[in-house]
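Shown next, in structure tokens, is the structure this report addresses.
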Amino acid sequence: MLFLVRMDVHIPHEMPAERAAEIKAREKAYAQALQHDGRWRHLWRVVGEYANYSVFDVAGNDELHELLSQLPLFPCMTLQVTPLAQHPSAIA
Amino acid sequence: MLFLVRMDVHIPHEMPAERAAEIKAREKAYAQALQHDGRWRHLWRVVGEYANYSVFDVAGNDELHELLSQLPLFPCMTLQVTPLAQHPSAIA
Amino acid sequence: MLFLVRMDVHIPHEMPAERAAEIKAREKAYAQALQHDGRWRHLWRVVGEYANYSVFDVAGNDELHELLSQLPLFPCMTLQVTPLAQHPSAIA
Amino acid sequence: MLFLVRMDVHIPHEMPAERAAEIKAREKAYAQALQHDGRWRHLWRVVGEYANYSVFDVAGNDELHELLSQLPLFPCMTLQVTPLAQHPSAIA
Amino acid sequence: MLFLVRMDVHIPHEMPAERAAEIKAREKAYAQALQHDGRWRHLWRVVGEYANYSVFDVAGNDELHELLSQLPLFPCMTLQVTPLAQHPSAIA
Amino acid sequence: MLFLVRMDVHIPHEMPAERAAEIKAREKAYAQALQHDGRWRHLWRVVGEYANYSVFDVAGNDELHELLSQLPLFPCMTLQVTPLAQHPSAIA
Amino acid sequence: MLFLVRMDVHIPHEMPAERAAEIKAREKAYAQALQHDGRWRHLWRVVGEYANYSVFDVAGNDELHELLSQLPLFPCMTLQVTPLAQHPSAIA
Amino acid sequence: MLFLVRMDVHIPHEMPAERAAEIKAREKAYAQALQHDGRWRHLWRVVGEYANYSVFDVAGNDELHELLSQLPLFPCMTLQVTPLAQHPSAIA
Amino acid sequence: MLFLVRMDVHIPHEMPAERAAEIKAREKAYAQALQHDGRWRHLWRVVGEYANYSVFDVAGNDELHELLSQLPLFPCMTLQVTPLAQHPSAIA
Amino acid sequence: MLFLVRMDVHIPHEMPAERAAEIKAREKAYAQALQHDGRWRHLWRVVGEYANYSVFDVAGNDELHELLSQLPLFPCMTLQVTPLAQHPSAIA
């Protein structure tokens, strides 16, 4: 089932640059692995913000929380989760 | 280019049922036509609300406004438009 | 899986009293049927408000939307849905 | 009587990891003790957030405040308390 | 136990004046009866608004909801309930 | 005349514990002195929050600001002041 | 003592034009009488809005509420009242 | 001097179509006249909303309020006015 | 022309006390100079808050921004500016 | 196509003055280069705030995000992006 997730990233100013770079590299690898296995269906940048809208396809709430809470940037993020359902006018 | 749009529908209580049904039928036909021609890429119901999240793929702002303002339910909707960009970690 | 749902009811002042009473009677019957079959796990009144917090146990997002959108009072309600997951400190 | 409580945890980035781990361990023990004695009736994780929704069953406002203010993570939390009452359509 | 309640009154413009006057008269009688029996401990007008802050002293959540939901103006009010506890610096 | 005041306390995490304890002790003494002289009429804890609702009885706006701005915790507080008037349904 | 008051006017679309004109005429006369007697010290239009910011000089909260609640447009207004005190850097 | 103005239009559902069309025609003529005389410098549609962002160039606050309050759609609009100043990095 | 300005001051806890005192002294001198030359027409304390409401009388937007941005406390303040116009019911 | 962008700058108090000055100098040079090449069409200061409203003219969402995310002050800014379309009453 599908969930829309908005992620806003707020990296503290006092975090050393190498530390931030290392976390972001792990975040990118993690995001790409989940895209390849099909659970992170869409990943879009919000124009002008350090934020994204994503769509996840998971078996349920517990799997989604496990995926999100393991994001390397999770402690620096604010997340909003919206459960999605089939729309009666959708053709897919 | 892509835009995320949230649409919240508020049909006035005093609108006659046949009138509402007629508008909804036109809305559905319009939504399906735009999905078939590829400009309305995704259409998801927000669980528990008379609302949807949609993704549009259009040539630009003017085309998007034209599409949205011609929605049969447009006078009964609140819309929020978020421009999307390519995310550096996206694989697609 | 579990979802917390807050429902705020706003019955229009101009709705005739018998019409409102009839909808509320259907709402009650519907709510009790879903409680008996185990999908509407909890139903609590918010003190001082015409509102409730409920917990639903369903197979997924589509089932939840179907249940909620068939509430007789659905056109007079504002709903907020929060997906819930297992908490690591929960004993149940 | 019952109260719904939402707890949002914000651990400061500068707190040493061992200190945070020690507080969380005490928090978990405290939460489980209160669940065993029946006063912390439900504890659910909010999907995608370092937050929970809980239901407490206590004798009154003073007991609830005493329980909540003794949470080891209390200084790092934002809490919202909603008093609950019996719902006329509830079967339990 | 004590609860702070803010009540904001919004009487619809289309309600006939006599109907409004009749409801307000019943509201006043009800409020004074509850003040005399000690359960409506304080009742203050918010300056410049058709609103009040009140303090109720009741046995619990269910009793408070019963009192509030029977207010003659209840269908025209927005209520906010805040549970209060003993403050460690209070001398009373 | 009466004013309702809500005070939310936010002590910075980096304040040394003894410093915080010393300020809180002065706050308590100050609050109790003002209660004894009759100007701090009510002091209630908000359940689950490091906050209180208070009622002050003062000669006017200037006296109230002087009392509040001398609170030892004033630099760590957010305050909201609501002027109160006699309610036509109040019996006192 | 002084109070800043913001008034936002929302006249219902269905009010007949003559009725609205009559209320506005009484409002103007009332506002000017209070300005002449010195209690309505300032009256400014908010640019682009059917709203004003005003400063009242009254003996206290009860007098202010009495003045405001007798505004002919009171049932069509939203009011926000802010008590003001002497500023230590003010020269007047 | 310049002001940014956002205008959101909310035409009541019960307004007859001819009446709405007549007001909109006058609005358009008025907007074009002010653009031609140079005081309404920019007029942009907000994508997906019955709203615009505009820039006005006027002699001062009084002139701006006079222009805005004479908009034929003024009674159906919510306006937000932001005064603008020369930016030190602007080349014009 | 007139502008209402609300200023909320937030001095960081870590600023040394002498540094804060020196900035406040300069702020006071600056505020009094502008009051004497007639451009800072009113300066009122918001009761219970480290905030003020002020009225400025300046030639236009650029002059106002220049005055405000030179406030010694400007980097520690949040400001809200509301342009004011002549009110048709004002007698002055 | 055009986008309205509001930028609010929040430079951390602990950033050394030279570091801030160096970033601001790069920001100014960057802003002026984009104004000269025509993509940063308007740049206005919001009166009384460390903020601006700007209008960008770009080929699409991706170009806008690239321009904005390369602002030297981007890590210290909050941005809001509003896509604009041709208004039917605009003469240009």
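Note that the chains take the letters A, B, C, D, E, F, G, H, I and J in the order they are written out, and that residue 1 is the start of every chain.
Definition applied: a residue touches a chain if its C-beta (ideal position, glycine included) is under 8 Å from a C-beta of that chain, and two chains touch if they have at least 3 such contacts.
Bear in mind that the values here come from a model prediction, so they are computed numbers and not experimental data.
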item	value
Where subunit G and subunit H overlap in contact partners, by chain label	I
Reference interface G-H: repeating pair among D-E, C-D or A-J with over half of contacts shared	A-J
Computed distance of Cα centres, subunit D from subunit B, in Å	39
Between subunit C and subunit B, distance of the C-alpha-averaged centres to the nearest whole Å	27
Computed distance of Cα centres, subunit I from subunit C, in Å	50
Touching two or more other chains - residues of subunit F	2-3, 14, 45, 47, 61, 64-65, 81, 83-86
Touching pairs - complete list by chain label	A-B, A-C, A-D, A-J, B-C, B-H, B-J, C-D, C-E, D-E, D-F, E-F, E-G, F-G, F-I, G-H, G-I, H-I, H-J, I-J
Residue ranges of subunit C in contact with subunit B within the complex	3, 5, 12, 14-15, 61, 64-65, 68-69, 75, 79-81
Subunit F to subunit G touching residues, read off their complex	1-3, 60-62, 64-66, 81, 83-86
List of subunit H residues in touch with subunit B within their complex	11, 13-14, 45, 47-49
Of all residues in subunit A, those that touch subunit B in their complex	2, 4, 27-28, 31-32, 35-36, 42-47, 52-53, 55, 82-92
